[in-house]
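Next up: some structures, all given as structure tokens.
The following pair of complexes shares a single chain, subunit A, combined with subunit B in the former and subunit C in the latter.
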Partner chain A sequence: MAIEIPKNLDELPTTRPRYVGRGIRRVEDVGLLTGRVEFVDDVVLPRMLHCAILRSPFPHARITGVDTQAAEALEGVAAVVTGEDARRWSLPAQSSPEGWGTHCIAGDKVHYVGEPVAAVAASSRRVAEDALELIEVDYEPLEPVADPFKAMKPESPQVLDAQETNVMLDRVFTWGDVDGAFAEAAHVFQEKFRWNRLGANPTETFGCISEWDPMSLDLTIHGSIQSPGMFGLGRAATFSLPSNKVNIISHAHGGSFGGKGGTRGCDISCLLSRKVDGRPVKWIEDRGEYLLSGGGQAWDRHYEVALAVDAQGIVSGLKVGLVDDLGATGEAYGAISAAKPLAAFTGPYTIPVAQYDLKLVATNKLPCGPYRGMGPPPHFFVLEQMMDIAARSLGEDPAEFRRKNFIPADQFPYTIASGNEYDSGNYGEVLDQVLALSDYSALRAAQVEARAEGRLVGVGVANAIEPGVFDWNAYAIVGMPGTGVPEGATVNIDILGNATVRVGFSLEGQGQYTLVCQLVADYFGYEPENVRVVQLDTQSAPPSFGPGGSRLGVAITGAVLGACERIREKMARVVAVLMQSEPENIEFMDGKFTLKGAPGAEMTVAEVAGTMLARSDLLPPDIDPRPEATHVWTAAGRTPADEEGRAKSYLTAAHAVHIVQVEIDPETGMVEIQRYCLADDCGTRLNPDTVEGQTEGSVVQGIGAALLEEYVYDEDAQPLTTSFMDYLMPTVFDAPKLEMVAVETPSPFTPLGAKGCGEGAIHTTPAAVMCAINDALAPLGTSAREVPAAPMRLWKLIKEARERASDENNNY
Partner chain B sequence: MKSAPFEYVAPSTISGVLEILGQNDPDEVKLMAGGQSLMPLLNMRLSRPALVLDLGRVADLDFIRETDQGVVIGAMTTKRAVEDSELILREHPLFWESTVAIGHPPIRNRGTVGGSMAQADPASEYPAVALVLEAELVAVSARGERTIPADDFFVTYLTTCLEPDEVLTEIRIPRLAPRTGWAFQEVARRHGDFAIVGATATLGLEAGVAVEPRIAVFGAGDRALRFPSAESLLAGQPATDEVIDEVAAQVAAAVEDPLDDAHASADYRRHLAGVLVGRVLREAAVRAAEASTGA
Partner chain C sequence: MASEQPQQGGIRLKVRVNGEQHESVVDPRMNLADYLREELRLTATHVGCEHGVCGICNVLVDGQTVRSCLMLAVQVDGKEVLTVEGLAEGGKLHPIQEAFIEEHGLQCGFCTGGFMMAICELFDRNPSPSEEEIKEVVGGQICRCTGYNAILRSVQNAAAKMGASRS
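After this line comes the complex of A and B, so read on.
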């Protein structure tokens, strides 16, 4: 029987939702914030050993010998593994573009500083680290390459021996008559941009405990894992194991933001476990390892962009050239960051044709991994700077220039040039809301006054699309295997009527357990306290991807409501028998089954469940007496990618406009954010508090991107930012007071009309802050084209602009 | 990130500390105050002492006292205690202001005044403030006690004139002349970070003329730097914008070999030194003027 999942709040079987759509106190926060939940480092297993990893100090070197004898002899050391063990028992990573993956421990050659060359399992982490100092590795340094433009040249050092070039991908994707649009354009604007490498920094780094039984070959991994299902498949592929031999037990964890790839360390702990006959081996990545060699570096990009604009100021074409420096291997799916922009290539605009000249390049730096937003944030940074360049050149207000290029509200669903379909939107309304919230005209008036005093005050108006609910078809152009959208949940009502929901993802802090409680409570007329959420391991759970690609809120809503619907349908059959009627005469509302036309005849969900589980004598003969159902939700209507990568991929398109006011100290280059206003539209807000929390966190990460965060490598590919002394995360002092307003344009395609919103503001914030900075710099005739806008960079721009101006004055 | 093996002792008296230093090769011993710099160095195995001597239990090093000459602060006094001290706020608001610019409360809860002085990080706030306040640092060893002017104490990167067998015990800050203006400013990427560059100054004003100006800069060179020639240039001059700009330019020019790293080039640091010296002199002059008009 087809299951009808409520498309909006009115379709829930309740007179008025009491929980969904409201900001209720989150059930998971206390455990996470007090540390009472079990994090992986809390887990102690019998006979457990501890792993430490020896890492390459060279960015590029031949390994001519590894002597582990002294380390093996140290008291407390159980085993040492090297590249030889990795080659014997594992395959190269399959999370890179094909042919670019390497083994988890280097063999003949190291490709970046921090690459594992050996590892130890010992009685404690301290002993294991002592043992690392006794391992002798002979290196023959090779010339490194740190610059992707050098790496693309034929004479460049070759990063991977197995390849003949450092170019992983070099393709131009063309969507429509781009040359024609540029030939006919009234104005063409071109600019280069640099987005420096940065990335996720969760409170808790990656950690795992691996047990690989050499007899049964069962591999069990406890870990702080963002996507346990996919992680398990990856391990099965890496170790050539049947997928049902690998069980992943993911623990509650302290954030991820995409930075919990962790596969190398995990694979190494697996190899060690196998070497010690299946004893559990714990590896906790420390912060030094995370910053030097973890899964948290992303988006090392060089852009060259062109915008075609017609005589009416309508953008008629977009060309984006991207040289994406993926580091040595682009493993852990870092490469898909370059593909995801296809899901929203032209942003909120009607730009009819576009081109993407994409080069994925290997260098001797840490492989890039995923980060919140997965690629579009830099893309929107460059698109929005181009919109400002055009508006400024044409003498138009940046807000109004954007407005006239918006996709009109009556055009949805709308298919963009790069193939994806946007579900819904009302961009003009979102813009209006934030213009009003910020008192935009007053901001501009204040700016005029400030400029008259010689102060560098700027106002940025920027917007972006957040693609939500990913599907793997979005990444077809980089050609890596992966799993996509299905997400399942099992809802069970016990004999006393309490509900337990079993899911396949772990607590990460985004509030999805609360969402599950809200949904079940409103569906069955319960209180959230009657609902318990339990996470299962990957061999027990229904299909699950977990959080990622701004999907889980929507997907788990579909799964839970689908399962509730199935239970309701089954219960209605039972109630029909008890009330001596037919199921179609049984109605369900506010937690009660009633008989049409028979007032007073009613049963609660708990009564039905109790009857089903206790009163065989009352049940219809053909009924499965368990008040339980599983539903696996997936996005409908997705399409395979065509030759040019075009597909219906991400199901939802959220939209936000941010308005930021900054002042730059011209003598120091320091930027102060004075106002930060935003309006956003992510459809139905299932829990507005959670959306706000996601937005706040994401704005702060966006500010980090715009002003602070940068992994710096020197020209020899040596990393210079290897601790939090040098890698600058924003702190509470860097977080502005946010003024926020919401617009709700429900999605016609999703359960309850919700859209993906978890990645959120980082799509817009870097663009908005940089637009504000460039607005402040505009009177000087200069602009910042590189993020982060570090004070030294801005100071230099200001100084050079003033020197130019004074030279010109002298020439007159 | 676990330290290499080391022995650990935590004596409760200064004589106990000196005894242990006498029994061991002092080069193999690392004194630990608040541990805010040392612990990361140990855990990253960048520092590998045979013995860590924890000063945390030495009772008579944690105090703030007023004397006839000024204020004396025990070397093991935490920054938090300084922050909470009404005496410091009243007598040495400059010292107080520089204290709250250091790190964040959890760091100030453990980090100590003596620890920062002895660590002598070139970007640290305290050494520069010690220079302009003309503090004296008291060290003891088995050979006796000596009093070292701040000017002589800081030698170069992470290096003081303390001998390996010496222990810093207290910091003496003389009372400021009445109606002295002061200021402290730094440019840091984030609140609480080590400064890229910072500057501090004290200044008296008599009929608009600068008296006994003192200027120090941190984060620019290999140690906190004082600028006697710039001070002489200012002394006796009216504290006008023009004069201050000239003094600031001289400071910028006088910084030798500015630090150069991923966050700030040598050029930028030199420039900031000038900008910040200009700003602190202006601010100090305003304070001095307010003090002399009794505002």
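After this line comes the complex of A and C, so read on.
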């Protein structure tokens, strides 16, 4: 029997939702706050060894010898592995564009600073690190290439021996008559932008404990793993194991933001375990390793963008040229970040035609991986700058210029030029809300006064689409095959009526276990704190991807409600038998089954569950007596990508408008954020408090991107930012007080109308802050086109602008 | 096991941790975070950067906030250490922990212990700190999830709770 998942809160079998749609105490918190939640580094297994990894100091060098004898002789050392072991027992990374993966330990050549060259398993991490110092590696340094434009030239050093070029992909995707639009445009605006490398930096680095039995070849991995199912499949592919031989036990982890990484280190610990006869080998990445060579570097981009605008100020075409420096091997799915913008290429606007000239280039830097937002934040950063450039040139207010280009509220679902379909939206309303919240006209009036005093005060208005509930088809242009990302949950009611939900993902911070409890509580008339959520390992869990691509809130809601529906349907059949009626006469509301037209004939969920388990003899033989059901939810209606990459991919399109007021100190180039207001619409808010938490955190990550964070490499590809003294993370002093307002336009396509919202504000914040900075700089006739807009960069722009102005004055 | 064999050059250490007396022989180079986590198995002290910037590994040594990644275990000989495990008592959460729950002051929870320990010290010195004084303490550490607004609210809430319990 087909089940119907409630499309909105009114369809839940409760008179009034008591928990869904409200902020409640998180079920995760007590364990986290008392230190009882077990992170992977807290785990100690019998006979466990500790791994340390020797890394290349050269960005590009031939390895002519590795001598591990002295290390192996050190007391406490159990094993040493080198590139030879990696080649014997594993395959190159499968997460690179085809043909670009390398082994987890370098063989003949190193391709970036920090690439593993050898590793040790020893009685403690301290002994393992001592042993690293005894390993002798002979290098013959080669000329490195750090600049993707140099790397594209034929005379460039070749990063990978196996390739004849450093260009992984060079293609132009065209959606509609772009040349025609630009030929007919009343105005064409062009600009270049630079988005420097930054990254996730969760407070917990990656860690794992690997046990690979050389006899049975069973591989068990404990780890701080964001996507356990995918991770397990990846290890099976890397080690040529049947997928059912690999079991992943993911532990609660200290954030991820896509940048947990860890596959190389994990693979190395697996090789070591195999070499020591299957003893567990723990590898905990330290912060230095994370910053030097972890999973957290992303988006090293050079943009060249053009916007066509007609005589009425309507944007008629968009061309984006992107040279994306993916680092040495493109592993860790970094290429996906360049493809994801297709899910929302033209933002919230009606821009009918667009073009994407995309070049993925290898250099001797760390391979780029995922980070929160997975690519669109830089894309919106450039699109919103272009909107401001056009508005300023046409003398229009940036808010109103955007408004007249918005997709109107009555045109959803709306298919954009790059192929995705937006589910719903009310962009004008979101804009109105934040204009009112910020008292926009007063901000502008204050700006006029400040400018009259010679102060550099600016107001930025920017908005973006957050694609939610990802699908693999969005990444077809970089070779990711497939459509459909299932998420499952099993709901079980025990003999005393208590509910347990079994899921396949671990705690990461977004409060998904609380959401599960809210859903079950409202569905069955329970209290959230009495619902237990249990995480299973990959050999026991229902199909699961876990968090990623702003999907889990929507997907787990579908899975849990689907499982609840299945239990209700099964219980209604049981109740019908017991009440000597038919299932269609049984109604379910507020946790009670009742018989239509028979007042007083009712059973609670607990009574039905108890009867099913204790008196299964009373049930008809075709009813499975377990009050338990599993539902696997997958987004409906997704389509395979066409030749130009067009697909119905991400299921939901959330929208936000941010208004930021900044002042720049011309003497130092420091930016002070004076007001930060935002309105956002992510459909039905299943837990407004946790949504707000995601937004607040994402704004501050966006501020980090706009003003602080940068992985700096010198021109020889040596990394210069390898501690938190150099890589600047936002602190409380960088976090403005946030003023927020919510608009709720439910999605017609999702359970309860919710949209993906976890990645959130980072889509908009860097654009909004940069729009404000450029608004402040406008009177000087200069503009900043590079993030982070660090004081040194702005100070230089201001100084140059003033020198130009004084030269011009002198010429009069 | 995680710990090394007793060292030849091991140093004897007596320390009171969360009210409990411990005696150990430790490697002179072992830092306090590793001692707490590996020797005493008090794993609520998390390690975030190991170079003293992030503040996640904060513990109190004789009432002072200390980065346990930067202090050697032998330096706490004869001293009193308080860790996150020492906050809740008798099955009841500390008011700071309660406040973090109420204000959603944590998401992944990995860094929260370090914040709570530093805030404990702040309240010992100053039971009703101003927002600037709170920022001065919170500004010494890194949280990647919350964006700090909720942490500030949590500290203000905790101050109110503790003030109420005193009066």
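In this section, the second predicted complex is superposed on the first by the 804 of 812 C-alpha atoms of A that agree within 3 Å, B and C clash if a C-alpha of one lies under 4 Å from a C-alpha of the other, contacts with A are read in each partner's own complex, and residues count from 1 in each chain.
Keep in mind that, in the parts below, contacts are C-beta pairs under 8 Å (C-beta built on N, C-alpha and C of every residue); 3 or more make two chains touch, one makes a residue touch a chain.
Here the structure is a predicted model, which means the values were calculated and not measured.
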item: Partner chain(s) touched by A:792 [first = subunit B, second = subunit C, both, neither]; value: first
item: Contacts of A:287 with subunit B and subunit C, given as first, second, both or neither; value: both
item: First, second, both or neither for A:667, with subunit B first and subunit C second; value: first
item: Partner chain in contact with A:712 - subunit B first, subunit C second, else both or neither; value: first
item: Subunit B versus subunit C as contact partner of A:436, first or second or both or neither; value: neither
item: Subunit B versus subunit C as contact partner of A:721, first or second or both or neither; value: first
item: Touching partner for A:253 - first (subunit B), second (subunit C), both, neither; value: second
item: Contacts of A:509 with subunit B and subunit C, given as first, second, both or neither; value: second
item: Touching partner for A:130 - first (subunit B), second (subunit C), both, neither; value: first
item: Greater residue coverage of subunit A in the superposed arrangement, subunit B or subunit C; value: C
item: Contacts on subunit A seen with subunit B and repeated with subunit C across the two complexes; value: 126, 286-288, 723, 725, 730-731, 733
item: Touching residues on subunit B, where the partner in the complex is subunit A; value: 1-5, 40, 44-45, 104, 187, 189-194, 196, 261-265, 268, 271-272, 275
item: Contacting residues of subunit C [partner subunit A, same complex]; value: 1-5, 27, 29-30, 37, 41-51, 53-54, 56, 83-85, 87-88, 93, 97, 100-102, 104, 106-113, 116, 135, 138-152
item: Subunit A - residues contacting subunit C, complex; value: 23, 25-26, 28-30, 32-39, 41-42, 44, 48, 50, 76, 123-124, 126-127, 200-204, 252-255, 257, 286-288, 507-511, 689-690, 692-693, 696-701, 723-725, 729-733, 735, 737-738
item: Residue ranges of subunit A in contact with subunit B within the complex; value: 125-126, 129-130, 133, 286-289, 667-668, 670, 708, 710, 712, 720-721, 723, 725-726, 728, 730-731, 733-734, 790-792, 795-796
